[in-house]
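Naming follows writing order (A, B, C and D), and every chain is counted from residue 1.
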Amino acid sequence: MDVANRTNTAAGGEPKILAFCCNWCTYTGADLAGLNRMKYPANVRVVRVPCSGRVNPQFILRAFARGADGVVVCGCHPGDCHYATGNFFTRRRFMLMRGLLEFNGIDPRRFHARWISGSEAAKFRDFVSEVCAIVKGLGHE
Amino acid sequence: MSRIGVFVCHCGTNLASVVDVEKVAAAARELPGVSYAAEYKYMCSEPGQQMILDAIAEHGLKRIVIASCSPRMHETTFRKMLKKSGVNEYLLEIANIREQVSWVHTDSGVATEKAVDLVRMAVAKVAKDEPLKASSIPITKRALVVGGGIAGIQAALDIADAGHEVWLLEREPSIGGRMVMLDKTFPTLDCSACISTPKMVDMSAHPNIKLLTSCEVAAVRGYIGNFTVTIRQKAKYVNQDICTGCGNCEEKCPVKVKSDFNKGLSDRPAIYRLFPQAVPAKPVIDRAHCLKLTKDRCGLCEKVCPLGCIDYADEDREYDETFGAVVLATGYGLCDWTAMYDEYGAGRFADVIDGLAFERLVNASGPTEGHIVRPSDGAEPKTVVLVKCVGSRDPKKGKPWCSRACCMYAAKHAHQILEKIPGARVFVFYIDVRTPGKNYEEFYDQTRKDGAVYVRGRVSRIYKEGGRLICQGEDSLLGKQVRVAADLVVLETAMEPAAGARETAALFGASADANGWLQEAHPKLRPVETQAGGVFLAGTCQGPKDIPDTVAQASGAAAKAIGLLNKDEMETSPMIVAVDEAKCSGCGACVDICPFGALSLEILTAREGRWERAERFVCKVNAGLCQGCGACTVACRTGAIDLRGFRNVQILEEIDALWT
Amino acid sequence: MNNFSQQQQKIRSAASRLLADGTVRFVIGWAPTRFAERTTVLFAHTEAEAQALVWNAHCTAALGKYLLDHRLADYAVGIVARGCESRMINRLLTDHQIWRERVYILGAPCPGMDAERCAGCRERAPVVWDELLWDADGMPETGGRQDAAPTNLDEATIADVGAGLALPAVGAACSRPLDTDTSLRSRFFRAEAVEGLSAAEKFSYWDEVYAKCIRCYACRQACPVCSCRACYVDMDRQGFQGKQHSAADNRVFGVTRAFHVADRCVECGECERVCPMGLPILGQTQKLIKEIEALTGEAYVQGMDAEEENFLGAFDLDDKDDFL
Amino acid sequence: MMYLLKENFDKAREALAGAYAVVVPDEVLPPKDALFPRSETLYETDRRTGEARAAGAGGKTLLFGVRPCDARAIGNLDAAFLESGYVDANYAQRRENATIVALACAQIPSPACFCDSMGGSPHEAPEADVVLTEAADGSGYALDFQSEKGSAVAEIWKAADLIGPMPAHLEKAPAPTCTLKVNKVPDLAQKLTAAFEDGLWERLAEACLGCGCCTYVCPTCYCFDIGLENRGGTADTFRCWDSCMFPGYTQMAGGHNPRWSKTQRLRNRYLHKLAYFDERYGRTLCVGCGRCICRCPQGLDITRAVEWGERL
């Protein structure tokens, strides 16, 4: 969690952003961005999970503890979950976790969540670019 | 050492033109656990796969990472390939360096760096992969259809025609449902009974179909392929095996009860069949009204029965049967408008009736033999008002949804009145006219040409004046109040889910939406499936629809059930959750999360510490129901429940791999 | 004025009766120590031992967690339960950890004890009991602890009561980043004290806290919500948390612990009271409850009954996602 | 006898900062952290080559203001880490590099102190290199330099002109006595171990929460665990404090746990402090610092076990 000292930007490198993407929506959307040859910053590293409901908030803690500059969690839009309700739980979990991170002095601009469907390749591109710009702007404290 | 092999694909030039594949392979060779790394033009091609297989054999590789296109593309291909090797097909990870690297980044340097990172993550994860084995469950080759309306009948016939055994369960004494109550069907005006009763006869004669009437689902255990259903057979008091349906008993029975089937427009005896063409064509005793069963007198039916079929001692009984697939076709009911619309008289006026009652009035086999008369005095109405959207599209008083069929059957009713009563006038109050169906708009047009007057607006009040019913409302096109003095008012009321549908569906693990309509797995792409594997939806239980749509969906549900029953065994994904009972504290947090009802708490009795027979709760996973979403794993603080293939430790390793 | 003496007598007679008639195997309550401002926990197994139970402002330890030690037992356990203990019991019932029929609850409405954790307490009367020892009327309903009443050592029949020297609170004499004022507090006093800080200040605030943490896990052990058979932190092979101590590792533990109890915390404050290093960790859990209340717009108090729905085990189709 | 004026106390500490990393013990934790850290990397391994590199254990330290009981506790740690037949390299290196400056207790620090019942004294610290004892008039400290390391400290202070001979009219203040008295029990170790199966252990443990607080604040608890953590290309082998109060301490790989109850764990801790160590090294491990009594959230008290032993 030692963001200040261990981030990549602190070492002068490019920031690394970890993205958890659900297999059925966002991962598919990211693939579609590729199929359409859309361009976005190369700072994002995707971890594929079956459902955003699989993403344990402790994974986010781990990523920050290891030195992530930013973490994003993406899933299907509410109501579109491949497993019906997984992302509804995701929503509550990360609403709480985000508050807790902020409370602990982790800049909330380093953590983002977004619903991105399998067809929203452009939204994936824009979101990744936006987070990347924000995180680059933050640099290190 | 893990003996991991890494194979980097060029994908022709798709990858290699941006990513320095040789550099990726070289970097992979330096990763902990990696024994071998290579690159090749097309990994997915025959020679590419052979190259991997050869490398596995030559270098004794135990785990495989393939850096190529998206796992959504070729994960299955490579899993199949691994089946030919000694490596378990789940000891495989794909690093997606095409869709998520070479196609989206232009700078070769950063793209290569990212590709190396993704390979590093995949290597870290694969080192923690466990060999998994897909298991298979045998499928009971028999379907259960719940509900004997046209949807259930169609689904049952389709499944039976495909060669599978079907049991159809109906809670009423006869199958037929709502469709047999109707007179004619729009837009073709063919006789409803003429097209539905032959299907009912087919049903009863079909060698693959077993009919269960006066039955309910009491309980369900099991899951896709193997549902053990407890069926409750309600007492019929008539030995159905012997009865020939001669009808003596029905004639002699002294009791008169309002007929539900005829919407109270006629009477029936206490020993009765639902309607003349009922299937099975044998009577049952209505225990609530039979004098023998309620007061222990009469006994006439027993005396007149030539075959001694009557058995007053008959009792409800329950028994278990196993089915591989289930089609829910529980249908709809009409909303009780009398409880919602006091301004329409709330049932005080005998000549304000609902659409289904009108169907019975106009039906040749109905109580009036097809003569449209006023229920109050039997006179022929000259002016009839049809009110649409009673209960529908009215979130304040009724239901928020559109009932879909009413626009068309209102047009049909108007047409029938104009046809049967010369000189009759018909006014139709409407909000919108919705006619999306083949030949529907044309039918509506014709009805207007025939003389039906369409008034745009809701009826705000119906009251009696001089023996006639005054319908008052605003004509919103004219912008003024109108009053129509009617002899008969027909309310085209809202469809609502049949009573008990939600509860019945829940027994099978399927759910209902906020309005009580059964929930399909996906509103667009999986409209006949439910979240519960092996449970399918047919007809109006899923939402309001007309007969063609109902039948189409029923055949769709049947096709899904047939597809399931055609298999002897069903392979289940091994990537599901598993519980470590030693760690599980039985708190049940995971149980609340599972959308499939795959988790439950059970009491475990075991020796523990000083206690010889300690009882505690543990979570059990129903492998047939778990779909592998893993949402439950987050609720488990201990990590006692974990998702195979995406275990906590695997994901943590992936994360750690990024920051060294 | 205080009613401690009379009430103590009621506890002793009720406990004696339950032990005499065999209703319970033992009664869990408090007993004096050698030190004037300290009590310990006593499992009274006999009527004579029941006479050693005390009730005074220093009865700070919460008793609910002990029920877990006997969760597999086939006998019934008696327990003196204040508001906090009764909420713990409900929580343990909700989490299927104990059997209601094997707990006999002596309800003891509490005036607020001489502990900082009691300062923000809103629910001092028990919410579940088998027997209410005295009426909750006249108990202050919110905030503020009672003035420390003299310990009723003269009434204690335990033989070896020591010199009666005052021993400070468990975590006292450690430098706290916060003041230690124990007067009337708002429900989320700890969280509010941190919320006003800037992000950088928050970060260094917690850095200081977690540099001191010794990972003794007293906070977890005392927590009635931490009912796992195996804590994630004890399973380093599972990968979530290694055993290494560092401010960063300790911080991951602190945040994870808070998240693990997030929607089930009964706000007893034991985690903070038992901390030997005197760390103000209550703010973490308070913050989460604040967040839940902000989302639902409704009060969220756990332990009020045994049939509660966990916030994280449910959802509303219309839950806000403006954090996205 | 050399003498340090009270007004020069802080200067004396500061004067040492050039030659040593000066550690002033925490208020709660004993100074063992400086010799046996909460967590330390033993060696780093390259995960590809398997080459390991020892991490080393730091340079010269000076513990300033150690309580006599804690100094005695360091003697007990020495017995465990250096004198048991196996020499723990990291501990040995730190111990070798450490100079201990003890400060005799002018007042009893806590009502829970009972060092004088355990064979110690608030004024005596033979394990220390330097002992500061307050003069009877409170004007300064009498200095005992008890070793070569102590003499090195004396040289620094002399060079800085901070100390001088103790004026003849001054004498050390008499040692205070602890308020918590525990009777000396002859053969306590044998009595307690003989009562291993006694039901009273369970009664002593009933109120125990099972946290590890007592072991972490204890100056003589030296149990540790060794773990491995992968950090990308290298793997850290680390040692960290462990606690016999945790079930995981005795958990075996196959799932069996010989000390499955908290009674067994508490009994083990008490017996280690009062009997087992004595049997092996001829000295009682518990030094009577009182921290475990003071910090136990539930009011447990190890002296109860001593009293009970007396009645056996």
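Following the convention adopted for this analysis, a contact is a pair of C-beta atoms (placed from the backbone, for glycine too) under 8 Å apart; a residue touches a chain by one contact, two chains touch by 3 or more.
Since this is a predicted model, take the numbers as computed values, not measurements.
Across the two candidate interfaces, B-C and A-B, the one carrying more C-beta contacts is A-B.
Separation between the centroids of subunit B and subunit C, computed from CA atoms only, is 48 Å.
If each chain is reduced to the centroid of its CA atoms, subunit A and subunit C end up 36 Å from each other. In subunit B, the residues that reach two or more other chains under the touch definition are 582, 593, 609, 635, 648, 652-653, 656, 659. Shown for subunit C are the residues that touch two or more other chains, namely 240, 312, 317. Taken residue by residue, subunit D touches two or more other chains at no position, since every residue touches fewer. Taken as a graph of touching chains, this assembly has some other topology, since it is neither a line, a ring, a star nor fully connected. Of all the residues in subunit C, the ones that touch subunit D in their complex are 33-35, 38-43, 45, 61, 65-66, 69, 160, 162-163, 165-168, 170, 173-175, 214-218, 220-222, 234, 236, 242-246, 273-274, 276-278. Of all residues in subunit A, those touching subunit C in their complex are 1-4, 57-58, 61-62, 65, 78-79, 85, 88-89, 91-107, 112-115, 141. By the touch rule above, subunit D contacts subunit B in their complex via residues 47-48, 230-234, 255, 260-261.
Within the complex formed with subunit A, the subunit B residues making contact are 70-73, 96, 98-101, 103-107, 110-111, 113-114, 117-118, 121, 519, 521, 531, 575, 593, 595-596, 627-631, 633-635, 643, 646, 648, 651-652, 654-656, 658-659. Those residues of subunit C whose C-beta lies close enough to touch subunit A in the complex are 191, 194-195, 197, 199-206, 240, 247-249, 251-252, 255-256, 258-259, 262-263, 283-284, 287-288, 290-292, 295, 311-312, 315-317, 319-321, 323-324.
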